[in-house]
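Presented sequentially are two complexes of chain A, the first with chain B as partner and the second with chain C.
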Partner chain A sequence: MSTIARVKSLPVEGLKKALWVASIAAAVLLVAGPVYMLFKYSISDSTSINTGGAPIPLWPYHPTFRCFTYLFSDSQFFGVITNSFVIAACTVGMSMLLGVPAAYVLGRFRVPGRRLLLLGLISVRLFPDIASVIPITEFFIRFKLQNTYTGVILAHTLLALPYVIFIGMSAFEAIPDDLEQQARVMGANGFSVFFRILLPLSIPGLVAAAIYTFLLSWDEFIFAYFILGLGKISTLTLFLKQKLAFSPPQNLLAAISVLLSLPVIVFSLMLQKYMTAGITTGSVK
Partner chain B sequence: MADVVLKNVSKRMGSSQVIDGFSLDVANGEFVTLLGPSGCGKTTLLRMIAGLETVDKGDVLVGGKRYNNLPVQQRNLAMVFQSYALFPHMTVAQNIRFGLSIHKAPAETIRRKLAWSLDMFGLSGLEDRLPRQISGGQRQRVALARALVLDPDVLLLDEPLSNLDAALRDTAMEELKRIHHQVGTTIIYVTHNQVEAMTMSQRIAVLSAGRLEQYDTPRAVYDSPATRFAASFIGSPAMNFLNGAVEVHGEDAGVMTPVGFVKLDKERFTSAKAMAGRSVTVGIRPQNIAYAEHHESKRYSDTTLSVSVELVETLGDRSLVVSRGENGTALRFLITRDIDIEPQEMVEVFLDGRRVHLFDPQTNANVFSF
Partner chain C sequence: MSEAWQKVKRFKIHEVWPLLPAAVYLVGFLVIVGAYLVGLSLSFEKNGVTVFPTLRTVAAVVSNTEFRHALLDTALFVIVGTPLELAVGLFLALVLYQQFRFRNFVRSLFLVPLAVPALVTATLLFILFDYPGGHVNFLLTGKYAFFPAILHAPVNWRGSEVFALGISMIGKVWRDMPISMLILLSGLNAIDPELFDAARTMGAGLRTRIWRVVLPLMIPSMSAVILLRSIEMWKEFIFPFILAGKYPLLGTLIESMYNDWGNSNGASAVAAILVLCIVVTTLLFLSIMEFLRRKLVRT
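Our next item is the complex of A and B:
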């Protein structure tokens, strides 16, 4: 009986496996393809781009880091990267400071109106940025936040907060009640329970939220554009936009894009470590 | 160490009365088990003592002090949860040290107690492992060690052995007994496993639907169950119950049941006679019904019954025979493994009249025990 079932299921298993491998390959190609192309363009010499009708080669004829050295020799570019970094880092700090306590309360306590609150948080993010940017900018102008770091950091915090609260809340919610109650029985007060049990256990979720926030701010264009305009403070995305206006060579654009996406790749790899399930295994049951 | 007194405590959860006027006193240093079926409120009671649930009515007294409104962290109690609740991000040593560091114990004390507990619970060498890197039995020992280093007034244990396999459970039971003997802490132990309750505790509180059915020594609970519930819940295989009425025939007092006249012990004739005519439920354990052909001699107080065998279940050294008497009334009894009985066979059995319990069919209270 069982042998028959096994024999019968064999081809199905094989098909399943083939399908699985194929979808993984497709996914890898879909993700890695553009990244590869971007990278290839960024190290291409001009003859590999302007081939005069011949097909563009898979690997540049004369690979070169000229575009990168050019960018880094530009003093403005260095300032731009620093700006983007500072803004993203401050956004992370701000969002965490505001989002983690909110996530803790929503995740660990029975808050009246919780569902409505969460619904509100989601719906805020359902508006396209381009629709919300004008009223928010107007509001910011009133408080003299235009053309300031504070302004753009606050705007980015506004964008990131719903995510931080959501991810953080699920992280706090996932911690078994037994652990908190056990700590209390052992004499821990609310403060100790939070800092010694709940916070360490929700770190993976909170790190994910922080990385997400960093990337959101790093890549953000619309709000940065409206709030900073093309004033004194420029970010990487604004710099890219500025360069685009002068229709620059493709390899230079690609080099900027590579630098723009570098944190995404680095952080994604870092995130991997925290994505692995089972951090709480062995605690209960 | 301290004694624990529960005075008429009640607890409502949602629409159900989970604990209903429950009273219990646990002496200082005593090992008491709360025994009852799933959902009868054992965990709730334990959590009320620990302060994790509020008390609706009644009083919780520990060491003579009223605990009702004392915050959890101010009660010097330790609790081992059914899930063990080890902190997953802390090593074995960190888990054990946690409570001590919360209480700001001096470093020297912490070191000494950690060493003591690692030794006491056979955890040496595992101190740097995370909970997920040790076995179920080891986790249980860490949970106990973590509780005991705090020198709690009372140790509350919620089915700490339920996640262990049978062999490990036996060792763990012995260990727990030894530890109680050495440390002398008051222990309130929750389980629905009667073997655990019988083996370890000094007194057993039998619970049913949030009420106390009986509170006595393991022996007394087994020998003279106070209620029909206690009788059916304790002892394995479960007790036989037969409905009938007390009758007196000349020198003999007994109960007329569907399977026949069940004689009662001669020594208790007077009290049995006083009950003549009364409706009762007869309770007799399978252990107190003997297979006639095997039995050396029939005693005067034995009742002989003819039953037809329905099923024989091997229990290891003995077998359980499920049989039916006249009118199809089920009767279960035990035989040794060397006896061969086949289903459909008609056999004779002796009911030991000295071991018959009578319960009131209305109140379910034991009205006649030995």
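Our next item is the complex of A and C:
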């Protein structure tokens, strides 16, 4: 806080002030401009897109939600949304089932070689997605998991699990030892301590991890694309890619994009605290 | 072995078992990824017969002109894109470092690009940079009253190698801005204002304070951004896949070799080379930083 006050107290002349306002405006435009454009396209009517040589208006001539109503009345699109939802929900279930117990152990016990263990657990994620997707697809082909829900769910669980373990671990770590000690003194065994004390107290962190996992699976493209191809089972991201290939009306593309990103934007902003903690942890020492 | 076992035992193995399923899952996939990547790269298939181990696949990939071109393009993508990420992140971080009325709101706003799925950002750029009638073409040919004409004819952005990869880079940088920004902002916030004051008391002007006080203290967070972003640039896939399909980077080359040519061996070899590029860049960067640190500490 004091830093900020001091910077402000520097002599600011009119020119500097104008430069400063301009840079805020530029930064806001840089970030918000594209988001606005996406929204604008999604509510554009066809005359605002096919303008016959006239410049595309910055606000549609006749704003309309027709693209959205069209999508929701399309049974194929409905199936695609359902697929994405089912895959994301199953990924959450599986990641939590595997990740929460692991997070509990890593957060509550002084496991020997903890750092090395953590490195071992995340090292599969150190491979670029585009590099690890080939071996995993080949493996899934061999075990008949390509083009199946199970295959994508297993892959998405692999992507999400390290995050669940890390977020969950810090949630468990934050609970004071005294609470656990007292419960044990009063005769609670390991299971009761876990289910009655530790789990309820770590719920906020675990919910964050679950939402994060859901979003990760919801907007995941690379693994879904390799494992499902453009075959029978389609997800939202694959649907969008498929549409792109046939150059459909731009307002329709934008409407699909909005539906794909809206949940991610809303929940990400709600989970800001966890998102930013994850990014800055360990990167600045 | 026995000593390690003793240690584990003292930490009550019966309480540590819940870790096992996740560990088996992650390490199992690590083994699968490693084994398949190496196995496929070192196999060569001809007339339905698979030879292993052989370097023929790797040799075929390395001598392939398309691969060489992709490797060069990817290296350029990293070399140009990484400083750009640093510059844009620093700009946003400096804006947020000031105190102003809607600071918290603007901070949340600046996180939005990260929340927009990469595929959506790529789709948006696909629309905006459309030819001949995209927003960008209309803007640059002076069709809007508020902007001067820079081009006299629309440009086919996605049809040119430089522009297609350039738009991909813009998309990548735009989406990842918040990450660089947050790391740099926490670096800025970690600077003790006392130092700034002390420098001013001793008569240092604003420029000296920035170059001699702020910048050296920002080196850890800036090198974190450079390292993390250069890795991300190497492995980028979605933006070039959507926007520069005809001009492959290593990531998109892996995809086309695998899906279009059905060459899983070649794709794995490229993937292995990509991993190698990342490892080499990381080691190179770390050793340069170590060299600079030693040099600076001595003088």
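Going forward, the second predicted complex is superposed on the first by the 220 of 285 C-alpha atoms of A that agree within 3 Å, B and C clash if a C-alpha of one lies under 4 Å from a C-alpha of the other, contacts with A are read in each partner's own complex, and residues count from 1 in each chain.
One rule holds in what follows: contacts are C-beta pairs under 8 Å (C-beta built on N, C-alpha and C of every residue); 3 or more make two chains touch, one makes a residue touch a chain.
Computed from a predicted structure; not experimentally measured.
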Problem - In the superposition, chain B vs chain C on chain A residues touched - result: C
Practice task
Could you say whether A:Leu158 touches chain B, chain C, both of them, or neither, answering first, second, both or neither?
Solution key: second
Exercise for the section: Tell me which partner A:Leu253 touches in the superposition: chain B (first), chain C (second), both or neither. Expected result: second
Practice task
Please indicate which partner A:Ile136 is in contact with in the superposed arrangement: first for chain B, second for chain C, both, or neither.
Solution key: second
Problem - Which of chain B and chain C A:Asn189 touches, first, second, both or neither - result: first
Practice task
Classify the contacts of A:Leu199 with the two partner chains as first (chain B alone), second (chain C alone), both, or neither.
Solution key: neither
Completion exercise
chain A contact set shared between chain B and chain C covers 279-280, 283-285
Fill in the blank from the handout: In their shared complex, chain A is touched by residues of chain C numbered 4, 7-8, 11-12, 15-16, 18-19, 21-23, 25-27, 29-30, 32-37, 40, 88, 91-92, 94-95, 97-100, 106, 108-121, 123-124, 126-128, 130, 133-135, 138, 143-144, 174, 177-179, 182-183, 186-187, 189-191, 193, 196-197, 206, 220-221, 224, 228, 234-235, 237-238, 242, 251, 254-255, 258-259, 264, 267-268, 271-272, 274-275, 278
Problem - Touching residues (chain side chain A, partner chain B) in the complex - result: 176, 178-179, 181-189, 192, 196-197, 200-201, 278-285
Handout entry: Interfacial residue positions of chain A with respect to chain C in the complex
Key = 2-8, 10, 20, 23-24, 27-28, 30-32, 34-35, 37-38, 41, 51, 53-56, 58, 97-99, 101-102, 104-106, 109-112, 117, 120-124, 127-132, 134-139, 157-158, 161-162, 165, 190, 219, 221-222, 226, 229, 237, 240-241, 244, 250, 253-254, 257, 260-261, 264-265, 268-269, 272, 275-276, 279-280, 283-285
Handout entry: Residue ranges of chain B touching chain A (in the complex, touch as defined)
Key = 50-52, 72-75, 77-79, 81, 83-89, 98-99, 102-103, 130-134, 139, 146, 150, 163
